[in-house]
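We call the chains A, B and C, going by the order they appear; numbering starts again at 1 in every chain.
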């Protein structure tokens, strides 16, 4: 098992390295006149050259990449070209906001989608039909549109929730939960509808397997078959669904934060993108990919634990 | 289900193949894209609605320059946030631009960008998937690695990076997103190709000397065609969503009218004119919804085709039994078991089993079947595929598929009805008390009937703990004893092994051990030796005989093999097309069959025939 | 066309396999390759049927596939009509396919479900460059030859039962009037009565056309019924071969002896006898093994 984890960890780090290289070269290769962009059109040629030297842009690309890597390994992701704030600091101050939301939404999705999906698979009937229709509706409306609709209807028209959620956790857990509930709902609707649908089909597939019939013939109760055998076999498929949803959500949360004016990674990423503030963009990408790799590793380990065959090979 | 099981009955397991019975291959769902699918699509109301929506939106988009009363960016500063009127039929936005015109131009851009994205994704994913699936090897390994990277990148974050690097351009961002999402086509294609690559018809084409390209074009591409259409509908929807999201953030091309920009514009003025939000949101939901519905409708149309295929297959086998549901033959309306029959261990009386069809009729797979089994007796049920022999066995176990109905007759076990006359379903309440404890089951396919995630020991111990209520330690001792009893030389090791770590013959012994673990009165064995090699079959038959005699249990042995019948059975029932043709003692039936069908079956046996003589074509040899 | 004569022609055999070795590269990095076949030597004469019998995993299917060029030959030679075909290219295979054809086990997956029967049968003809009208005529002949109605041309495989599909597969193999057909468990997936009819068809075709068969099966009864000579495979090797009557009634190799007595006969009393014979044989073989172990 330890070898298995070490192998996955190694391949995760390799992915991180490759992504960092591609992102770095993509960003710095194409933005030819970065210094000019920062200084504006009035700047003289000398000023631009000076700025380029200041930012290290006169160095060869490969050299710059490796110096970025060595800095990054020491925890230094560079500083914003516009605010001079260290990228690591601005990430650190924004990660808690984004991640509490993302993980709250993920946990709720995992619970709701599993409950609904399993119920639909076992009971069929109307629950099943609702899940099917829900999945179509959920697929049809992008998450951020749901966010916009929620704000417009529940917050602005009906005044049930605050339209923006700038309340910090210090102002009391009640108020904080209250203010965060709309963005979290906006994040999780698509996940629940899609996830329930996929978990449903995974469970149905397992229920139709031969060994389920044999277990029944041995006098094992339906509940034990469902919870011990079927769910365990369906879990890898469910985990894959959830991990893909998490990846999608790391992007979606950017728009949701923008809609609810939350001080998370979203606004940072959007501003940096608009200004071509490359160190910040680089930092955001690295951070997000890092989260994905960690989550995928967890999923792999869980799958290995659930399925003896994976563990062996 | 059981249909395929029976068809596979005679198939010897090919070396190293999966445990699935051969004819259940459904990797061909995509192969039937023919006019029938289109026709079914047009019959599906949702499919029609979806196509109508998409058609209208496409038309509006194409005709935008003609239909739109204003240029997309023409602004009338004097008339901002105006309500709808005759000039601006949907009103104007905060810069005084016409909402209707912008909506139309937005549709054009949205659809084109979705097409571009899907096009790029197909152009990369399809060929790569075909090559990786067909040739496997290094290319597949490398592509899988690239795919795993691409799939761990959140789309919007990548698009932000692209925007930072290349500036705002719908086309560049959609090309990038196309690349990013190409793994979905890659994986779809690769999986489909892999399922087909080892199909025998591809081998046959290879033997004919067809080149790889001809094989891919002729035999493989047809398999991925339909899934790709379905996938494209989904991808186009995702592309529209993410593109709009990017524009909503204000990172799109400011010179273009898009639904995302309009939504963001509406959101900024949500306190003043919330309707500005409504139109782009509706346009988006309709377009994406149309695509999603279309994908679903195509999938349904294909799956219906599959269903019809199965039904047809059944029909060819059992056509003669297709009787209307109303015609219930002689059903006895007695509440208690008939007097004088209590001593039978199992008695099946006039049993009919059927499946409700889409058109309201019921397709009978078992029709008017009666027999009984006593304690210590082995009854063989013999028949070819589709004869209903397995269905009969599963009705006694109460393990028929959910949609099966008892359409006639009754089943009694040890003097009590498990299915009383007139009951439509097997009562699970009654049978769950009997299953495992008094009636048990030996399946056909040893590997697929053990849960791969649990050790063999666990799967033997748990039923004993649940059914007999004994302690785990005691159950463990008994399980080890049972494993020894079924002829496993190292019971300790097998106890701790996972199913994939033992051979097929060993797994079948484990299943037999499980079936007798709670000392049942009746064992139902469904082709228990069919999946085994002949030499292993002989050992397993010896084991079954020895156990049956020692424990004095009743056995119902479902099989297609008269040799197995001769080896084990006391009595035989011959079934054909859901009906019981003939029943009697094993010597009577095998030596003096009365019914022509039984005679044909026996005449088809090869044992004792002159080699290289015609068997049935010119049937001269009298049956002994 | 020659007719079947049971006395062997002294000329060179149609197919001869010399010291054939087949190894599959292992999936695991640097692991030893899996050896599927070891030192196989067989010959098939014109109009002759060689039955190949063995348990699952014994390599009998692999041998058939190696002859067809569907398995990697790592050693030895496969000589067909005097030419070494063990490493034939796809182009050479195309020429070869006129004389060397195949019928597979599973009639459900050996026909492309999306193609009409006519198109399936015309495929080998088209590869050889036969023009359409001629091909159409030939397809009709073939359907007639295997006993299927001519309206089958425009129907899909799923409209046919297993036995009928196997007839289509046989027709496809016959399309180019081959000299040798490799039959890989062609009747194993069929019901008993269908199996009998398909075996009759195989025999009839051989009588009419003089084709040779390499007939792979796990069923000793089937092999005895259809073969002139029989080879028995066990763990990737041929342990015994000879005239069908001798090998399938009075075998020498312990495995073949076990195989013969393991197959149950459809009569309770004779089966009881056979069972007793089998137990006696197993006892003797166990004894011999112990003695051999003691000597060694």
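Note that in this section a residue touches a chain if its C-beta (ideal position, glycine included) is under 8 Å from a C-beta of that chain, and two chains touch if they have at least 3 such contacts.
Fair warning: this is a prediction, and the values are worked out from it, not measured in the lab.
A.B. asks: By mean C-alpha position, what chain is farthest away from subunit A?
C.D. replies: C
A.B. asks: Give me the ID of the chain with the smallest distance between its Cα centroid and the all-protein Cα centroid.
C.D. replies: Chain nearest the overall C-alpha centroid, as shown: B.
A.B. asks: Nearest whole angstrom, what separates the Cα centre of subunit A from the Cα centre of subunit B?
C.D. replies: Subunit A and subunit B have C-alpha centres separated by 32 Å.
A.B. asks: Compute the distance, rounded to whole Å, between the mean C-alpha positions of subunit A and subunit C.
C.D. replies: Each chain reduced to its C-alpha mean, subunit A and subunit C end up 56 Å apart.
A.B. asks: Any idea which subunit C residues touch subunit B in the complex?
C.D. replies: 55-59, 61-62, 65, 68-70, 90-91, 93-97, 100-102, 104-106, 108-114, 120, 123-124, 127, 158-162, 169, 172, 185, 188-197, 199-201, 203-204, 218-222, 224-227, 244-245, 258-259, 261-271, 275, 278
A.B. asks: Mind pulling up the subunit B residues that touch subunit A in the complex?
C.D. replies: Residues 1, 148-149, 151-158, 160-166, 234, 237, 240-242, 244-245, 248-251, 263, 267, 270-271, 274, 277, 281, 284-285, 288-289, 292-293, 296, 397, 399, 432, 435-437, 439-441, 443, 445, 448-454, 462-463, 466-467, 498, 500, 511, 514-515, 518.
A.B. asks: For subunit B, which residues count as touching subunit C in their complex?
C.D. replies: Within the complex, subunit B contacts subunit C at residues 7-8, 10-16, 22-23, 25, 28, 31-34, 199-201, 203-212, 218-219, 222-223, 309, 312-313, 316-317, 384-385, 533-538, 541-542, 560-567, 586-587, 590-591, 600-609, 611-612, 614-617.
A.B. asks: Which part of subunit A faces subunit B closely enough to touch in the complex?
C.D. replies: So the residues of subunit A in touch with subunit B come to 15, 18-19, 23, 26-27, 29-31, 136-137, 139-145, 148-149, 151-152, 156-157, 208-211, 213-221, 224, 229, 232-233, 244, 247-252, 254-255, 258-259, 269-270, 272-274, 276-278, 281, 284-285, 288-289, 292-293, 296, 306-309.
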